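Shared chain: chain A. Partners: chain B in the first complex, chain C in the second.
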Partner chain A sequence: MKKDGNVYGNHISQSFNEELAALKSRFLEMGGLVETQVLQAVKALTERDAELANLVRDEDKVVDRYEMKIDDAAIHILARRQPTARDLRLVVSIIKAVSDLERIGDESKKIAKLALQLVEGDKTPNGLTEIRHIGQHVATMLNGALEAFARLDVEKAVEIIKEDKNVDAEYKTASRSLMTYMMEDPRTISECMSVMWVFRALERVGDHACNLAEHIVYMVEGEDVRHTKIDQLNEQLKRLD
Partner chain B sequence: MKKDGNVYGNHISQSFNEELAALKSRFLEMGGLVETQVLQAVKALTERDAELANLVRDEDKVVDRYEMKIDDAAIHILARRQPTARDLRLVVSIIKAVSDLERIGDESKKIAKLALQLVEGDKTPNGLTEIRHIGQHVATMLNGALEAFARLDVEKAVEIIKEDKNVDAEYKTASRSLMTYMMEDPRTISECMSVMWVFRALERVGDHACNLAEHIVYMVEGEDVRHTKIDQLNEQLKRLD
Partner chain C sequence: MSTNKTVRMSANDVRVFYGDKEAIKGVSVDIMENEVIAFIGPSGCGKSTFLRCLNRMNDTIEGCRVEGEITLDGNNIYDSRMDPVLLRARVGMVFQRPNPFPKSIYENVAYGPRIHGLASSKRDLDEIVEVSLSKAGLWDEVKDRLMEPGTGLSGGQQQRLCIARTIAVSPEVILMDEPCSALDPIATATVEELIEELSSQFSIAIVTHSMQQAARVSNRTAYFHLGKLIEVGDTDEVFTKPKNELTEAYITGRFG
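Up next is the complex of A and B:
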């Protein structure tokens, strides 16, 4: 089912090709940036690194600028080049996916802010192992989704969509265990709540990575997989083979 | 600064006009549906109405179908009509805004699920007054954003963007007070956590309403107000007058 990554390149107009390629590569650049942000935010928090947390917080402005530039470039292509079929789906998918990347940036910023709060406390909060673990998991999902985007790889995208269930399960287990700590020692409630928001933020990063993967399937197959249960998804993809 | 709502209607092609108008009206219909969902989800929760909670949960499928249909119609217009300038901005704004509406639907579904959990408990949880209050507030914001969308009313949209700060403040106060309950009686922690997720879900509805309002400013003024602080926003809008 894998498609040749250059399928968008066989165009008559060379400069149109170049604009599309530039749009895609800028999108992937932004993706790389937010992936780094997620990992840095988790590192800042688990290693109590205030400097790194400040860096992540400030980088959010760069992410925001990327979003606006990509949107502008996409709209420019729609207006000037009036793409159709697959090219159009690529541009529309990027317009949608860029919002997901921007929101991943927002979640990293939230984690960085919580890291700055936690740094001020004098003891190590519960749940750091889980944060490290889930953080790594969703960053890997995001990396996979971007790779699938770069190579227009539907199989890989479907893997990512399926993976989101595991992140959700990890998130639930981690939240439940944190609640036990809170009940055992109510003095830790406020601190545990901060950790809980971090779990939540990471879980949302997983959701956005999953959204990215859904845009890829739509872009390549023209098949809308949002709001589709995994079993149905497998059925749909079998039909497309 | 108000613009004539019919500015998109002065087109040469009658059927193009009709397609754009149909797209916009379907979008507003979906907006009305998710607004009702928010109010119903809050009512189901605060009045322990399991039937209503189930209804909200099931309606999410209708919202999902709306999203896919609107996306299809928007892409169809891009491909066949190749709109430019303001028409293009309208279509792109709808493509972006429809994701916000869909996510509001998701938040309502989450609230409905938590309502079903809370119905099973035998006592009234803390925080219901705040849920009612914040719920009403964000539903009003959403209603205002949709009205601004319908009338392409930038002033109204800017009001909504500013309002989001107040929702955030209410959310923080409500969360803090809930944490006090948790500390006083750790047996209520699990139940309080559910209420906390409801606060969070409602706060996110406010965020999405704010996103909608930002799309309106962009659509009408061509000025990107995302990632702009309120002071800068006022400056920008003054320049546009």
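Up next is the complex of A and C:
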């Protein structure tokens, strides 16, 4: 179900409209920044770009500040406006989603740090193709989640929730192939472990993108779809129509 | 869940006319045993008019006509055999402004039981007064000055005195018409706490302009708009996920 963009406007209180609009747009700004962080971290790693890795590491502070500012604004709205219904769901969803964004930021920073380690090695580590691939995959999921948020697009959010298991499968396959490298040549273990951590970080980004999508479903429909199997989720949403 | 409870009062397609004007347009709702149901809606939506139908307070208004059926424990309250005075003891009412009689605190509470013959001796009456004032959370504050005038109490105390007066005649249902709108926040909190305690014994229907109050005290919330009941549901549900756009517009403070 798609709704028009102004569902959070039209309050009698103009300043309440503005506060909610500001909260939403600040959240989307943070989302955009975090998405860039993921892409840049993967790029820094696969292109062995130390400068870019350092930049990602530093930018994480900006992500953290966004989190605090958004939480602060949300708490103010709760205290002063006592929002209800869709307004309440928006504010609560943002409070939850913002911590997922912040965690994605942390995972990006983790990847950037590992990139700095891997840059020091003299040969190209194994698994870069997989990193590029999974990185692209989870960044697309994140982008889709943010788009679903902006458009209140539940169908899109559900697609992203479903997509998570594909990322999990890619993560498993990639880890397994890395394991064979380690068995073939134990000298690569240390380096392979670093790459393994990157896989893990990216897989976590996918999980957080999936959480974001779940918050969006709650925000729009008021249905809690966390900890729900995919077929149950379909049932749950079908009942709404 | 309220669905497992017994129905105490039931309104079926109730319509109220003031002369030619239809103020309530076919409202059906049940009031369950031991529940607090809140009636909310913009001014003029009919919530107070509807509340006043539930103990026939509208009878006294010239040109007011009530159609449809309202039952209390299965009996139609508009039946000619129903004594409105007795009905108002069974379905008591607390008003917006505390309105104690210009008599002593004791007399305010004792008046109802006395005229309804609920006490056979002075001791009985004393006990009813004490129990009622205790249930209303007022006993400790007034036990040493029962003979002082009720009007000398603070606003919050006066409102609790009116509640004590209502419960002194052992009603089944208590109707409250914006009972806190003349009280400060602390007195409001005391009355709200009292509402919760009383709900273990009585059914309570409360009209309130404060949505936060409805959210705090009620199990179910009913939203009225232009004389119609738009939506009634569990308060949790109504305030987080209302079904109707009109309800949503009202509770979120939007242009309806």
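What we mean here is this: the second predicted complex is superposed on the first by the 241 of 241 C-alpha atoms of A that agree within 3 Å, B and C clash if a C-alpha of one lies under 4 Å from a C-alpha of the other, contacts with A are read in each partner's own complex, and residues count from 1 in each chain.
In the analysis below, a contact is a pair of C-beta atoms (placed from the backbone, for glycine too) under 8 Å apart; a residue touches a chain by one contact, two chains touch by 3 or more.
As the structure is a computational prediction, the values presented were derived from the model and not from experiment.
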Exercise for the section: Applying the touch criterion given at the start, work out whether A:I95 contacts chain B, chain C, both or neither, answering first, second, both or neither. Expected result: first
Practice task
Identify the partner contact of A:Q82: answer first if only chain B is touched, second if only chain C is, both if each is, neither if none is.
Solution key: both
Practice task
Please indicate which partner A:S13 is in contact with in the superposed arrangement: first for chain B, second for chain C, both, or neither.
Solution key: second
Fill in the blank from the handout: In this superposition, the partner of chain A with more touched residues, chain B or chain C, is B
Exercise for the section: Report for A:G121: first if it touches chain B alone, second if chain C alone, otherwise both or neither. Expected result: neither
Handout entry: Residues on chain A lying within both footprints (that of chain B and that of chain C)
Key = 82, 84-85, 88-89
Problem - Residues of chain A defined as touching chain C within the complex - result: 10-13, 16, 82-89, 222
Handout entry: chain C - residues contacting chain A, complex
Key = 211-212, 215, 239-242, 248-249, 251-255
Practice task
Spell out the part of chain B that touches chain A in their complex, as residue ranges.
Solution key: 61, 64-65, 67-68, 71, 74-75, 78-79, 82, 84-85, 88-89, 92, 95-96, 99, 175, 179, 182-183, 186-187, 189-190, 193, 196, 200, 224, 226-227
